[in-house]
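Look for chain A in each of the two complexes below; its partner is chain B in the first and chain C in the second.
Our next item is the complex of A and B:
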């Protein structure tokens, strides 16, 4: 291109301007008239040469400014939402130019925030506009993390990024334990207090990094909200040790109550719904369903289990092994084929969920909705198991496209796979959480009402 | 200018072992004045490379370990050498335990009290002669996801009761590359695949190439055994425990080990472990499938040591505070499944039935994949080149512990384009400029920039030809000299009209006029008389004779 070899003639500063040469929109209109003439046509007069040099300089300055703007958009981009906004802005700016191609040169031993932004744009560049709101795990490497990220959080983040821990509760637990380590190693600087300094300077970088590894699940969001609220309850004059103790204790309590205890109670309640000689159908491998079935077996019931597996994420295989070792007869299907027959043979369907929205819809692993719909049509009762920490009272989703995640390993310009799907209320007979005891289970709405009452005192 | 490290720290500390070189007889005759760690590879002191690796990983707590006799030399280099001083803050510590001499085994080093008190967290052990271009965050990711047991890292109560601890990670690289070096050491290694997980590993990660180590032994030891006995005896327990065993003979241990903290206790408990590579890693790998070996090596004591629970049997959580009635008293099966352990420890499900046996965390290996080597003899070389599109070369991982390796690695690094030519250089080892001091190069000289490296302050006279060479700082190349594939260290003076091919010239050596040397090594401070013609000779001063005896002894003991 004309501006490129003129730039080379212009001299040394080529390495300074990091991105490869792009024609700036404004300056491009001015030089081509003279620039085109340069190498091809007649020799330029000194005045024309001067004008060309001026135009090049303006073009270079515009490029540098644009790079700075793109980079400035990238640096405060923490959560997926902001990242999307910046990406939108970047897309707009470069819309007038060639396709986005920002690739700052990678210099070792320098904080590498920028390359992660560029990588994200490249990975998502073929996703159509209408799906651009759906996040995808960015899976940053450890070298791209902010320097304040605690090693425990780094490790947890990497495990989440590589999907070694996938479901919401394991991620939540890993996050909270990592945050405990962060709190333990935290020292308030001299002229400020924990309640003012901790959240913006220490906690937020950790949250940013975790979000960059993989978009946060609702339970993590809820827990962090509660944690921040807890930090705010501390007075400025509270001594640091007391504050730290308080935080650690509240996290411990939270884990005990809303993860461990909840899991135990749900397993106990749900196992009472499994009767003698039942055929229980389940989809994929969910920790609560596993606990329930093992518990029911321990209670001495005789039943059999039919496992429908997710063909992409074959967790059902391990579940089958575990249940078989516990002495439960198993029937296993590797995918959704033959679902109609299977649900007719089953007496109960147990489904685990990742989250429940305020509309009562259940979000679960992709495929859960298919099983629920087929089961309802066949007249089999469908029981959903979900801890209350996974309930989101603020978000409503009526379809699977509002809140979802793209599988980072299975996407291409032709198609991509979504990780979750939504099951409408009418296909679920009832939800079991840690609140109900005894027989009977309630629709999601009733549980949401109880939750609202419960959480209000803390938020106030 | 030193700047601070600006990436996140992975919570590891690094130990770099700077031993004397026993396989470098020519150049480490004086291990105290010229320790192996300071020999230049591509004009940077050898120890710069593992230090740079640590800084790129975000590790800031780095300790160099050297014998007290070499301390002064290394200290002054750390303070004065331009490459070492331009490494980021915080700078590395130098520790010289008083009981460390030139023959101490590497595991014995870790047993010394200074080191035992120094290591407080999971740590990484590097040799000083490592050149590793592989991006360390990939290794860290592999460690965090596959080896390290997350509840152990996070201090979860469950890990205390179930006795599962983090494992280790090692790296093995292929020595049979397109340009093999004669006499490079290899290791006899056997690995088994990790339990399959349905999760696809991220593109570009090394998680695909991870496997579990079950056997490791240097090929030299293997040859000794084969000489003494008719074959290598391996217990049947290996085949009983693992169905698919893959045996590798041309790979070499890069000696990059990410170890959990409890390894220090293991080394302390077992006096018979002398070297890390052969003994610690080898025995640990075997303990995974050989019964009774774990008990002999006191694994139970070591693994359960950090926790208050004396026995490491997976017990119910009656010991954790206030959890008695909350947690179901079902077997740890449920606990391990609900904590979704990393794939490496999912074997808990199978070993759950043998609860009495201590669960040994596995030692994992990253076996660096190498692109297929094109067949050396092709009837029409052009067709084979066109048929196989050139795959990008895998990142360079090499242990540089012989002179030939030094030469070859330096030349390979010299081929990297400099930062001046291509600023988007992915390799961290590119120099700023190929010819650092172009004013010293007179007219009518030929220097092939694409594969040579010329350092600061080098004077090159007219009519010289320098092809594929690495020339250290302050050298003088006189008129008419022809150098090809040579490595010159600091301050070398090459006389007029010399012809040097594939030579390695030590510090401040001097080659007289008209010499023709091929495949030679010249020790430091040595003067080679004019008009010498030599082929494959090692020029050493007579005072080097005592050193060779000492170095022979240390080779026998299997040292660096």
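Our next item is the complex of A and C:
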């Protein structure tokens, strides 16, 4: 979702000035009215008056846009639209001044600032035109972040921008834990209720900031969608404490079920597919593959592992060391060279996925698709491991250039690199998720079909 | 086996000093360079041809058989020094074929000495000594040469005027006693023929890249996105040539390297940019991601085998596989001298490994001790991944490779066992 929005940014910044308003006006349409009456007169300087006039205009425009926004809100990926908000320009800040009757800490945030816009432009100027639709993570200085961004979210955002936290599940977990802090420190302002105020005025700035740091991964988008749905289930009259309690609980449940338990189940299911004397080939270092192999070893299987590494990441080397210490014989290849012979020697290929699209395509670290294709051609079975939270039910990628990210570390005139690639469904023998359907080993499409029908437990 | 001399050995220095050194030193010098992989890839062909030229010129031989023996033994030593460079074997076989050709022509000349000049004017036109259709069968040349010299002197064709003949006279052997004057002359003449022929092979090798580049604008269209994987000098020349005629974009895939990514291709970038062609540097990892944008894939082969399979840098296999997935054409550049008459036993036998210390340092002792690390440099690419082979004789398909092989190698050479 974020991917898509950031992509749009390159094209037409002008129309995007409005989107940030689209959620704000619903709740904030009252404040401007009272605010402009001038109860906070002393605060207004001439400059602010000017800003006010501008804001009025902005509000009118926003009203006009509202119809549009409502339509958009009905569209399936609300989190994505929040991502869009991040694209708003600094100009919007003037809007931020208008509703002074709200508590300072909870002013309707209209948009994240874009202070480093120029700097970012420079960074993006190296991107070849044919890839210029693809978003890229960037470091937002904490001092330039929107004032409403919670410190815990600031920290998480920084870690994501610097790729200290990089895989989809770690990012999801960091996001949720930070949101818990946000909820804990939240006080519903007077005259409004949590279910109305929390999402547009508190949660959205956090999401905008995170998206600005690095385009959101699908698991984050899914989780945020579920969280918002959860907020909407609260009645207006629900006491704040009760609502907060409910939210915190559901986040805890979510982390337990969709992350921890899912990881455990996938490792258990997948480890059953590792047989005695197998040669398991994997690419890079993926948390689920690592768990699976260690689990299989604990089960007393004797097998060897062939690790093909991504030379930029070198995660495979860490995995090699971990598995070697567990007593698994390792053959390590620092790059994709000799792939053809290595997949022939392997009996099983285990690949970790960052996401799975509605079309069943697997999004993985760049190079995953090469391994899958080579293995399929060599007649070796390819098993993808992925938590269901990473499944995206709406997005369909045509190829790896539809949804991707540019590696900010490798973005210069001398080098260019995309972070992900897509493995077509025909090169994946099966996907293992936490669902227990037999061995939990089914084609991606089947799992998507279940997911489409399934009510997400967190909403219920 | 003392290496060349006091100075640091390089190919250039070795080639310069060939004239003044004795043969053994030169051979050892090249073996040394090959073993240290200071001479690799395309240079091997050139170096081998030069050394074999010295073998023909400097060693003492009175019969063609003896010469074949000498060349085979020197060639075997070079092949053994660098078994990963099949091109060396190709050149040795080409030279052996050349010697047999020249010798049989001499015999023919013996029979119809009048028409020698006509015959000669036909033969040496193509850089590869075109196989004369009616040659005596296998193992034909057993007798030593005894024929009048007169007819042979004529046979120096104009094509050879500029090539490296001068070594000949100073090294003419045969001054020793037991040889008759006639025989001496005929050996002398034959030697000059052979040396001319080797000169032509050297020219062919040196010109191959330029000739290949001549076909550049056939397969590159305006607006193309060309993925050049680990561009070899031939590929670079091809792209630069195409850039002078067309506007397109080049994506160069180079392996991961410490420090700045594509420094090794900065010269190429400069030339392409000055011609108005954009160049984007990628890594060889994860080429699948870019393939939808790519319109053609191009790389150079280290060797092409009889079945059309190739020995290529390992990144090229990835690119070819990804290209096949998206049905993008794959263009392989290779001079005809890279065509290997051998069959490929197994593809694994051609996998070449390289020092992995750039990926896993030796300071990481525990890892180095306990984990098998394989860094593949080059591997075998099956023929089904390639759409066109662009050679110095023009673009070829896989089906036609057989006849090109037959034009350049005769059964005798194909069966020659070089190396261990």
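Following the convention adopted for this analysis, the second predicted complex is superposed on the first by the 329 of 460 C-alpha atoms of A that agree within 3 Å, B and C clash if a C-alpha of one lies under 4 Å from a C-alpha of the other, contacts with A are read in each partner's own complex, and residues count from 1 in each chain.
The rule is short, and it goes like this: contacts are C-beta pairs under 8 Å (C-beta built on N, C-alpha and C of every residue); 3 or more make two chains touch, one makes a residue touch a chain.
This structure is a prediction, so every number in the text was calculated from the model and none was measured.
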Fit-or-clash call for chain B and chain C when the two complexes are aligned on chain A
fit
Examine A:409 and indicate which partner it touches, taking first as chain B and second as chain C; both and neither are also allowed.
first
Comparing chain B and chain C in the superposed model, the one touching more of chain A is B
Quick one: classify A:321 as touching chain B (first), chain C (second), both or neither.
both
Contacts of A:312 with chain B and chain C, given as first, second, both or neither
both
Between chain B (first) and chain C (second), which does A:347 come into contact with in this model arrangement: first, second, both, or neither?
neither
First (chain B), second (chain C), both or neither: which does A:193 touch?
neither
Counting only touches as set out at the top, which of chain B and chain C does A:151 meet: first, second, both, neither?
first
Smallest inter-chain Cα gap (chain B/chain C, superposed on A) in whole Å equals 10
Where on chain A do chain B and chain C both make contact?
312, 314, 317, 321, 410
Seen from chain A, its contact residues with chain B in the complex are 15, 18, 103, 105-106, 108-112, 139, 141-152, 154-156, 158-159, 161-167, 169-170, 173-174, 177-178, 180-181, 209, 256, 260-261, 263-264, 267, 287, 290-291, 294-295, 298, 312-315, 317-318, 321-322, 325, 408-410
Mind listing the chain A positions that touch chain C in their complex?
128, 130-131, 309-312, 314, 317, 320-321, 324, 329-341, 365-370, 373-374, 377, 398-401, 404, 410, 412-418, 420-424
If you look only at chain C, which of its residues touch chain A in the complex?
225, 249, 255-256, 260-263, 266, 278, 280-293, 314-315, 317-318, 321-322, 325, 347-348, 351, 353, 356, 359-360, 366-367, 370-377, 379-380
Which of the residues in chain B end up touching chain A in this complex?
3, 5-12, 52, 55-58, 88, 135-138, 140-141, 144-145, 148, 150-151, 153-156, 197-203, 205, 207, 322-323, 326-328, 330, 333-334, 337-340, 342-343, 346, 349, 420, 423-426, 428
